[in-house]
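Pasting the structures here.
Each of the next two complexes has chain A plus one other chain: chain B in the first, chain C in the second.
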Partner chain A sequence: MNIIYITLGLIAIYLYVSFVSLLWEGLDRKLVARMQRRIGPPILQPFYDFLKLLSKESIIPRDANKLFELAPVLALASSIALLAYTPLGFEPLLATKGDVIVFIYLLTLIAFIRVIGAVSSGSPYAQIGAQREIVMIASREVPMMLGLFAILWRLSKLGVEKPFSLGTFYQYNIWEIGTPATIVGTLILLVVFIFWLASEIEVGYFNIPEAETEVAEGPMAEYSGRHLALFKLSNALKEFASASLVVAIFFPWGLSGYLGISGIGALIIDLLFHTLKVFAVLFVSMSVFRAVTGRLKITQAVGMFWSRIIPMSLIGVILLAIDVLGGVIA
Partner chain B sequence: MMLPFLIIIPLFGAFSMPIVSLLGKKVKEYWAVIISGATLAVSAKIFYTVWKTNEIILYTLGSDSPIGQGVKFPIRIVWEVDLFGALLALTIAFVGFLAVVYSLGYMKHDTGLEKYYTLILILELGMLGIVITGDIFNFYVFLEIMSIASYALVAFRNDTWEGIEAGVKYMFVGSLASSFILLGIALLYGQYGTLTMSYLAIKIAENPTVVAKVALAFFIGGLLFKSGAVPVHMWLADAHPAAPSSISAMLSGLVIKAGGVYAVARIIFSIFNPGLHAYLRAFNAPAVDMNVVGWVIVFFACLTLLVGNAMAVVQTDMKRLFAFSSVGQIGYILLGIGIGILAYGTKAGELALAGAIYHIVNHALIKALLFLVAGAVIHQVGTKNLNELSGLAKRMPLTTFSFIIGAAAIIGLPPLNGFASKWIIYESSAMYNPILAAIAVVGTVFSLAAYTRVLFTFLGRESDRIKEAKEPEKSMIIPMLILVVVIIVMGLLPWQINDKVMLPTARMLEQLNGEYIMALLKFIGGA
Partner chain C sequence: MKIPPTLSVVLSNLLKKPATNPFPHTDPVPTPEGFRGKVVYHVDKCIGCKLCVTVCPAGVFEYVEEIKKVTLWLGRCVFCQQCVDVCPTNALEMSNEFLLATYDKYDDNLRWLKDEEIEELRAKQGGKT
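Moving on to the complex of A and B:
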């Protein structure tokens, strides 16, 4: 019986997040247009784009192999699976201890499947994009994992039921610890996560693998029609899930407690409030970032991660750990 | 009593092969398939029996009781099969069967096939003998049967220079390692006057002399050679690429396990039991310090998993890459065994041993699959140079699919079987000492890099070399697909397998209450 509820819940979440994440794409395009004194497309534009791509013919290059056609489906499948582990204002559907690893794994897997699809297309543009994507994966996931594991480890010291689950953010949040060191550490990690989010969704500085003007859409160069539509959708879902992670870590407060609502109503209120917070985080990390920064070279981006952001993350982690470790030493 | 048939059937098959092969070309191939299939059935039955009853089978050759008349100690050869031995026998018979089926298509263009099938059955026989025996000299005999058959099989294609070169190298190094082991056995026999493993365990515990320690050093040295641990892994990186791929699958999947890490674990846990010696030390009695042994093994394990996986990244020859990756994976298994010794009797130690045993089985299946894939590529395209093999995915989709599953499993991606075993090894090593876990993770990063590179050569743009390539015939595809199915199914039930099979196996190997010795003492008490 439980399995049926989870399946239904996942379908509902999937439908909701697909709608909301495409809606955000529209909002984002509108906002960036306004920042540049343009009118911009209508807010529902991504839906029209999606439907149009679905109806168009999908061209398969002669050099492509089976994985070229399979990759979009696998990417969408992994993004849907990712939703089952994403905190959306309430505990993830399949929250268990240690599910953070599944979350990171699925998130990385989506990027990796994109790479596999690109390599399978046989196009040299896609190959270059794929190489850049791999390099970016290797650099950006390190500070994120460091920060995420440190925060979860710190929270598990407060006595949670399911250590290292993304559900723990709704039991305790990282600000509650309240010592000056942890607050500064958390603030530093917040900056790290904003950068990580920007590179995960590849905007602004980090729009490197796709780089329209340089390598003609990179990994996506050979995709067209419904295959491209599936990729766009899975990217939108991934965007939402990544931003949800940032929101869940740093801003996990729900409204239902204050309003005194419980049951299904609480879930809906929290989900809506969570969506608003995701939009706010994405506004900073995506729209503003995209409007005010240009693209870096791949070497600059990698250098930035390894020489700035990873040390930043390390400092944040040490500040977070310091009072617990201090207790051990003393 | 099914146990003797585990040896009788392949022995009969091997010895009857020259006569059967007079009947015709096809007959000998089918004869080999029938024999290895029957062996598989017997080993499955034995595994089921041991697993069901959870008791060690003790079988005496030539009598009902291992105890001699009028004396109070065992004088006959005994075979002692606990779950660990039975599990390995099942794995050996399974992979061996698939390798024989695969050979039907793969070895079609070679000559001297009656010798090939005789040797492959002897190889299987030797490994089965190693995992069931409870007599240390009997163990040596089976080890040599296995080793000599594998020298001959590595050099089977004696018209290629690399086959001969690798065969000679393997033979010299392997004979040296075998003589270490024989020397160790001679020392133990001279000191204690018995060759039965469990009785030897009692004798050593009564009087642990320097000779016992020296013999243990010889055993570990020789067996690390046989398992391809790092300072002495060089024969492996030559022998695996040079052998026919069906043989590489058995060498990499089974030989280095049965003749290497299995024997290390068996000798340490059954003859020099860490628990027994820790108990003796607690009473200030002389004992062998097994912690030293544990650290030696952990040291070599860390070296092995770093160097093996790192060397895999830089290879351009597909089979050589897989061979180095095998070295790396042996590192994980040794790490599990090492922590099993160091943390003996604790949760971490038990978990580490279970992880090591699990990884032995998983790696046997995965690496067999990968070598069969490499064989299919070589058979169809004629090269194993990764730089020439771009874009195979379009011409050989099933082979590529098998490769992707195998590569993902060996890196340890969650829905496949490699994940659970590696996870258990990480977890237990982190529980024992986080630095060891960090080293293990670094090894995995290297192996991820190595296999990603191969994946990109399988995908990518078609090179001229493979324009004409097509899928191999059914007898080669089917074994690969069977392995793929087994890997996926095992991957879907990781913790069930761990709780139902691997943890009981680890407990039986650990023998906290001296079960392995008690199985023999039962007879002494009754005599």
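Moving on to the complex of A and C:
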């Protein structure tokens, strides 16, 4: 693969995903409004918000340091870099052996940069939000990594070219193994990942770091103008990338194989179908979850992760491993 | 973990029509009988008894000695209707108008009996007597 093609592809993917993820924000707001019997904003509202924020004055607090202005740029940069490793209905652009670590690293890095920006703002509200964010990162990443690595390990047993790459989901998917233990295990892991997704994009139970009504937007308390716009965009990209991960693990089927299309057409069809699946996953994990549940306390959320979701993830992983390990023992 | 009881409500709401009134595109929600909107002042009925000046808790009325009338500035009105109830000649009444937003607090819409009208009345009365 030519490096120029990869660059062009990344730019195209970036433009497409920023459009689609902002579009989903609009759809989400509309759907939640309809769930509460309101009309809601127009579907293109996030675009208007984004443009408005870009045109507004950005206020830098007196106590802020250099990282305050740098953090939004770094957050957007790492979310764009994340797109190169995100499965979007086809293999990620830079899919290699073991790129799952890069994916997880970049995904966590975005949250980390948010925290660094918040801490640099010199506002106590942002500090509290940042503390909560760090505690949430520390609890939510464990079950996700456990599940993700177990699934990739199980798939690598089937003989793939690039083990531990997110591209392997398009070679074999986890449902194909087909034994009862793996199916039950995968269903359990699906629940784990739905909760992880909700906490990754901080909705419903896990809207703890931002908590508008409690700590005044938390990490985003001091951000305004174009800095806030960049953060909003990188959050939207991160939302899409996290949901893409869930879709790629559990629902990796493409349409192009059935329709018999190949080449560029196949990529586009698969990308559109993937987008639809991402919307469906986000509808469950974001819109419905956000409309139905309130916020947990930070202690409750951490307790939930360490006492419910990590054991759930462990059970799922053990069920996935039983076939392979049973073969070893017998 | 229990399924939240709001889930079924929320999902069935998705299929229902929004229960809102899209106001600038439609008429506002109709005002009820006895709605206390903007005060309307009939200058010709006024006999200058000053009861409204006495009873008003917000100091909306100002008595104009020379013509034996009152002037009103509704920027202060609290819509308590006491002036309407106390007026012996029904020179004051509450209307249904409630869209009173303005850019200028001394907007013409919020004042009754403006300075030039007072001058006019005084000229008329001066001519008569």
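Assume the second predicted complex is superposed on the first by the 329 of 330 C-alpha atoms of A that agree within 3 Å, B and C clash if a C-alpha of one lies under 4 Å from a C-alpha of the other, contacts with A are read in each partner's own complex, and residues count from 1 in each chain.
Methods note: a residue touches a chain if its C-beta (ideal position, glycine included) is under 8 Å from a C-beta of that chain, and two chains touch if they have at least 3 such contacts.
Model, not experiment: these values are computed from the prediction.
After superposition on chain A, the partners chain B and chain C are seen to fit next to each other with no clash. By the touch criterion defined above, A:S139 reaches neither chain B nor chain C.
By the touch criterion defined above, A:T168 lies against neither chain B nor chain C after alignment on the C-alpha atoms of chain A. Taking the C-alpha centre of chain A as the vertex, the lines to the centres of chain B and chain C open to an angle of 130 degrees, rounded to the nearest 10.
Of the two partner chains placed by the overlay, neither chain B nor chain C lies in contact with A:S242. With both structures placed on the common chain, the touch criterion links A:V102 to chain B but leaves chain C unconnected.
Applying the stated contact rule after C-alpha superposition, one finds that A:T293 touches chain C and leaves chain B untouched. Judged by the touch definition given at the top, the superposed model places A:S78 against neither chain B nor chain C.
Shared-chain residue A:T186: touches no atom of chain B or chain C. By the document's definition of touching, of the two partners only chain C reaches A:L31; chain B does not. Smallest inter-chain Cα distance, chain B versus chain C, after superposition on the shared chain: 31 Å.
Contacts from chain B toward chain A in the complex involve residues 391, 393-394, 397, 400, 413-414, 452, 455-456, 459-462. Taken together, the chain A residues at the contact with chain C in this complex read 31, 33-40, 288, 291-293, 308. Chain A meets chain B in the complex at residues 63-67, 102, 105, 116, 119-120, 122, 124, 127, 134.
Residues of chain C touching chain A in their complex: 1, 4, 6-7, 10-11, 13-14, 16-20, 22.
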